[in-house]
Amino acid sequence: MRGIWERKMSYWYGVEPRGWESHVHQSLEEDLGSGDVTAPLFLSNQRSKWYVEIQASGVICGLAIADYLVRAHPESEVDASPFTDGDRVDPGDLVLAGCSPTAHLLAVERTVLNYLMTLSGTATLTSRYVTATSGYPCRITETRKTIPGLRRLQKYAVRAGGGFNHRMGLYDAAMIKDNHIKAVGSIASAVETLRSQSSHMMRIEVECESRPQVEEAVAAGADIVLLDNMEFELMAEIVAEFGDRVMLEASGGVNLDTVGKIAQTGVHVISVGALTHSVTGLSMHLEIG
Amino acid sequence: MRGIWERKMSYWYGVEPRGWESHVHQSLEEDLGSGDVTAPLFLSNQRSKWYVEIQASGVICGLAIADYLVRAHPESEVDASPFTDGDRVDPGDLVLAGCSPTAHLLAVERTVLNYLMTLSGTATLTSRYVTATSGYPCRITETRKTIPGLRRLQKYAVRAGGGFNHRMGLYDAAMIKDNHIKAVGSIASAVETLRSQSSHMMRIEVECESRPQVEEAVAAGADIVLLDNMEFELMAEIVAEFGDRVMLEASGGVNLDTVGKIAQTGVHVISVGALTHSVTGLSMHLEIG
Amino acid sequence: MRGIWERKMSYWYGVEPRGWESHVHQSLEEDLGSGDVTAPLFLSNQRSKWYVEIQASGVICGLAIADYLVRAHPESEVDASPFTDGDRVDPGDLVLAGCSPTAHLLAVERTVLNYLMTLSGTATLTSRYVTATSGYPCRITETRKTIPGLRRLQKYAVRAGGGFNHRMGLYDAAMIKDNHIKAVGSIASAVETLRSQSSHMMRIEVECESRPQVEEAVAAGADIVLLDNMEFELMAEIVAEFGDRVMLEASGGVNLDTVGKIAQTGVHVISVGALTHSVTGLSMHLEIG
Amino acid sequence: MRGIWERKMSYWYGVEPRGWESHVHQSLEEDLGSGDVTAPLFLSNQRSKWYVEIQASGVICGLAIADYLVRAHPESEVDASPFTDGDRVDPGDLVLAGCSPTAHLLAVERTVLNYLMTLSGTATLTSRYVTATSGYPCRITETRKTIPGLRRLQKYAVRAGGGFNHRMGLYDAAMIKDNHIKAVGSIASAVETLRSQSSHMMRIEVECESRPQVEEAVAAGADIVLLDNMEFELMAEIVAEFGDRVMLEASGGVNLDTVGKIAQTGVHVISVGALTHSVTGLSMHLEIG
Amino acid sequence: MRGIWERKMSYWYGVEPRGWESHVHQSLEEDLGSGDVTAPLFLSNQRSKWYVEIQASGVICGLAIADYLVRAHPESEVDASPFTDGDRVDPGDLVLAGCSPTAHLLAVERTVLNYLMTLSGTATLTSRYVTATSGYPCRITETRKTIPGLRRLQKYAVRAGGGFNHRMGLYDAAMIKDNHIKAVGSIASAVETLRSQSSHMMRIEVECESRPQVEEAVAAGADIVLLDNMEFELMAEIVAEFGDRVMLEASGGVNLDTVGKIAQTGVHVISVGALTHSVTGLSMHLEIG
Amino acid sequence: MRGIWERKMSYWYGVEPRGWESHVHQSLEEDLGSGDVTAPLFLSNQRSKWYVEIQASGVICGLAIADYLVRAHPESEVDASPFTDGDRVDPGDLVLAGCSPTAHLLAVERTVLNYLMTLSGTATLTSRYVTATSGYPCRITETRKTIPGLRRLQKYAVRAGGGFNHRMGLYDAAMIKDNHIKAVGSIASAVETLRSQSSHMMRIEVECESRPQVEEAVAAGADIVLLDNMEFELMAEIVAEFGDRVMLEASGGVNLDTVGKIAQTGVHVISVGALTHSVTGLSMHLEIG
């Protein structure tokens, strides 16, 4: 599995480290502000051995950030982790360990854990949806319903959990949604306008709430059709009729109880808002000793 | 209740707008990047009436951010909201409405909703803990386990939900935790060192896992003692013996089932990690028409 | 024509103003640094009437930036311009005029002109390529060969000149180029890998230098095929055979002498590096009086 | 020649690297945005040998930027270049070569080339003007007509091409131009006001359009007189009469056909707007293998 | 003394380096702007030995900043200093020395000295107040009257001089001052409101101008009482009556003549505005050779 | 005098507001951090009348900054001040007054006063040097010995106090100092190298410690000669011999006792390090009521 995951990493290669470091500096600033007022407890040459221990089962994500934060002090040592982002972890697993100046370690401890808990939480939830649809050829993706400021990292965590990414934002693919259709008047004219104005490199997806809308979207030449909150049977019918002519994505009302049945309809993509609009941190702690 | 809330708002006055706006600009950048590729659908003078409708019961939070985003276009109009941050909302409530250039509205729609959903989720969860402890004089506070980058806004949402804030970070109050004690050797020497080195304006809290530790912390002159993961009976005993000499805070293993019993022990503060390390977005949507 | 242009503007709506203002502030800083040392010539209440006069024929672009710079002083007045970005201009046309505090006007004069000259230069050159291919259904687009730091504004100027945009960067569409193919080994495996890893919202273009490569790319399911530096005849043959199954883009060796003949081959898109890797400023000046 | 060039480099020492790096990061962001979507093609340990090959004759400039971009990945190796900024290059010259992780190389390739093409274009054009005036003691300089955002780098390229720099902006030397004179009333009062108000470290140049204006400027004590768009004969007369009392600069209507004749008049400085208001990129490409 | 000082350093550990570097870059930008115009004097491989020599007696502060600036060039060497921030220095002491590229050294020289002179000036003045109160158990602290932009560094220098820090700003501790009392009406209601609204981690100090105000503040439960501009006798009386129940701080009218007598009254803290609202640079210079 | 001062203001026009606002925001951040913890004392609609009262005689400077800070709240009102930067003020003068939301006023109070005290201190000290040399035609200027981060504002304050500015930094004029001469070998070669390499717009000053050095500098064509720490008689001799051929600046050992005698020697410029390397804040306070 590591080979596949290295490919995933490279998807982010080049740009992610930049945004990622700046996000980390801002989060550290939130916690450290004008300085850690308990740090005077420690002489500058005092060091401690430490480890991060998992307290619940899930998928780990964010190790590079944790490593970066602890290594920020030039005399801080971090052991090579036996885990990689995307790996399954269980209680008692030590995902990171090392030996660091104590004052530094305790200055970054909370920020390290906040990233690991948050991103592993998203990776873990994603992996549940992926497992619940295993055997079906559909992809699980997140939506644009993300925690403000955390989108790129959440999308990375979705991939660590075995999911795929939807568009990054309003800028890298076009989706004609209900509010667009209301404002423009018809799916046909919306697709036609976009085709004639936007880059030839841009895919166009149309959100549909009924079978006639799907027909209109397919006729207009949509690249992808989103089936919004439809009944299983209707989705299955649409897949049967249009599934080899257009990519079909299901969204709305997706949860761990329904996702398997949705996958069964044969849709190509299932997008899940809960993957990123909510977060349940994966429990873990950092211990000295 | 509005009067109290206005006081809460003033707590943030002066600085919050700054950090808040910069956070909002970064979140908008996540979504808009190099530009909204569906915007060519709309002529620049096309306008739409719109409203944000609540789809689940909870406490609303983040209205000023939503208002700011929609008003970013000079020709965008937002009606005065009948709601204020901290107000209870139910399905069907329209928390914000107005009339705006359509292209602008749809460019900020998702960012508006992401803030409102995230912050209202935290306010809503906080209000459940506050309700579960009503009748007891203790405060509900969050911890430093926050979503990276979102700490100030989450702390604001905790207050909107009726909670109080713990320290903002490592810089505005001292807490001697288990890792500090391990590294320094004893509670007594840790408190003494901090008292002699840190600002006379700084309070010192000590995290204790046992009654002897509490005794040592009180004797050393701690301002606040945190009772970490203790049994209800032990907490009650400690409150009875030390509760009028030192402030007592309970933490660890706090959930909606246990928080009432913890409050019953008489502790002054209960801090709840889940308020901010996890997020369940409050459902709502923006509709044109 | 104004109606069409308003659509173009909306393509950039929402995000462009932000990047644009920050670019303008940096350019102003280049010129003003620690302050204009000739400004002491003018008392603070001295005002001047002024106008920007075109000195060569072309297409104007950048008026909003010019307007923004002059209006930066609250007492500076700018008349509504009779021109819009994308309009044709000739020597003697006054594209902007107003009455401003003299010290402010002369502080921003050069930056105003540098933007107008640069962007109008790109719009003007684009319009020549568009004119040279009029009557053919193909689009003229720029490439990623842009002046460092100026990409978004240059892409805007290309649209003002009647062109269309290619992808914005490496992030919003995939192109498999010669160096990718060399590194990966074959077009087929490159397309297959991208399809299985990248977002379902992403189009894939393949750069081909020969007919067999085109065949391989089409068979692999490329959305767009780039015909790199091919002979007219070969392009025409490829269009005849594949033009209704895949979008075809011509690039390489495109100039004002060849672009008409390339359009004649029936390709759907012609991308022109010179539109943005080189700049010939459109002559104009700002006069007081 | 290398010795002279090292001096030129030192002119920029200390500050240029800072501004330069920040400019490069912004340009990289333009291209990479939320990440290179073709990068999943490459495993993270795949490496490629590469070189940058010149495709037209000119003067190379920007090698340090190219080197910086490629070396941004810690496992990327760049060979010592046989060329230095300011060196003449011809088709087939390999100005930079190395061995780098393929995904990184292709992520920075376009930005590397965009800088090298743009700056080498300016250096090359400058060298043509320098060659066209060889044998005369006058300097070739650029003006403040620069591509927005690129001024410092363009001024560096002018020096790489053998030219000299005019003032950097409005802040490091005073020039009284036509619009100043119109607004103030007379050259004499403008010079007098500036002398009495501005720093004693500041030189003052006066733009003159006629012989009487030159006389007035010299009488007022201008340090430098700019002869704006004058006939060759008039310039020669003015040089004969004032050339040993004041520095004389010619500007306006300078091109490769006229610059030799202008130099012949004996002026000390010839400033050329086209050096920096227009750009013709020098052709080159990056090849793997 | 070094042991104590290492503890002081750790107070700033973790966050200070970040703010500190950004402050240094801004200060360097002030001096270098678009580049050092005398640098062409030096070939890029020319190096010089140098040292910073003290010209007046005092306490040194800012060595890490000086070291950072000189080491900014990778080929610059700095010897380990025999001095540490907080050490006493006398004329002729060489606090820093090394061997650096000459162009780099002279580019940073002034910024190096400006930091050392400014911060050592503050440390030196603080040490005079500390000496003048030696033998008394009170602390010397600065106030919020600081040079704009320099607060964190000045507070660091106060500690280097043997002083202690008051609150960092309005955010890390509450002080109810005369203007607050005027606006709210009474000390009692001000303290009560703050206690019920602000974090349980926050100390509250009340500024009092009379004995009745002190009584009111103590009764209201203030943690610290500031005795503003009081007579020595009154302060001594208040210490005798309230000194074991509340922390007492003297402020106002403190100078080197009065500070000893104030210490004699038994107050716990003396805060001195002049430590940071004024600066007398400690004389020193950098010499080559 | 107001007329002259308006000219001075315009010297800074255009650029200063930008740098100035960013400096103010950083200084406010120092004080406000995560928020004013005493603000909950005030309801959001509570307002107070207030004024800033001078407590010592001097020259006021920084009013625009104070005005900007108080006006940052949209409901804050500031009366037109009867004073302008550069005006003389005495105890009891009310330099600024208005009516503002109390919470906002007290949030910005300290930052307002810190700027006014610091800048007025510099303006006041400058005015003493100007007064001490009244009747002589020489200028008083500051040096590059400035408080880190405050250079532009201190240079503005020097002008408000009636002084003139020296160069802003290393970038806008060349000065060959003792360390340059040591490193290069001779004044003559240093001047020659700079003349041949640096912009024709750049003045060159040479720091001399003896009469032979002055002779060498004048012969080499220096624009300005700095007489460093010379005896009065020697300076007078040098003025007599070279004063009409070159500008002469005295520096070193300048204080209020010596500056008059130095002016008497006839030098054109006297630069005073103490104007900006040290600060004595001008006393003032802000009162409610």
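Residue numbering begins at 1 within each chain, and the chains themselves are lettered A, B, C, D, E and F in the order written.
Throughout what follows, a contact is a pair of C-beta atoms (placed from the backbone, for glycine too) under 8 Å apart; a residue touches a chain by one contact, two chains touch by 3 or more.
Quantities reported herein were computed from a predicted structural model and do not represent experimental measurements.
Trainee: On the document's contact criterion, could you list the chains that touch chain D and likewise touch chain F?
Mentor: Chains in contact with chain D as well as chain F: A, B, C, E.
Trainee: Treat touching chains as neighbours: how many steps, at the fewest, connect chain B to chain D?
Mentor: Graph distance in the chain contact network comes out at 1.
Trainee: For the pairs B-E and D-E, output the one whose chains share more C-beta pairs in contact.
Mentor: B-E
Trainee: Sharing more than half its contact pairs with D-F, counted by residue number, which one of B-E, C-E or B-D qualifies?
Mentor: Match found for D-F within B-E, C-E or B-D: B-E.
Trainee: Could you work out how far the Cα centre of chain E sits from that of chain F, in whole Å?
Mentor: Distance between chain centres, rounded to whole Å: 23 Å.
Trainee: Based only on mean CA positions, could you tell me how far chain A sits from chain D in angstrom?
Mentor: 45
Trainee: At which residue positions does chain C touch at least two other chains?
Mentor: Correct list: 7-8, 11, 14-15, 32-37, 40-42, 107, 152, 168-173, 193, 197-199, 202.
Trainee: Between the chains shown, work out who touches whom and classify the graph as line, ring, star, complete or other.
Mentor: Here the contact pattern is complete, since every chain touches every other one.
Trainee: List the residues on chain A that touch chain D in their complex, please.
Mentor: That would be residues 3, 6-16, 18-19, 152, 168-169, 171-172 of chain A.
Trainee: Which positions of chain D touch chain F when the two form their complex?
Mentor: Touching chain F: residues 7-8, 11, 14-15, 139, 141, 164-168, 170-173, 193, 197-203, 205, 224, 247, 249, 268-269 of chain D.
Trainee: Quick check: in the complex, which residue numbers of chain C touch chain E?
Mentor: Result: residues 33-34 of chain C touch chain E.
Trainee: Which chain A residues qualify as touching chain E in the complex?
Mentor: Going by the criterion above, the answer is residues 25, 28-29, 32-37, 39-45, 103-104, 107-108.
Trainee: Within the complex, which stretch of chain F touches chain E?
Mentor: Residues 23-24, 26-27, 30-38, 40-42, 46, 48, 102, 106-107, 109-111, 113-115, 117-118, 121, 144-153, 168-176, 179-180, 182-184, 190, 193-194, 197-199, 202, 277-281, 286-289 of chain F touch chain E in their complex.
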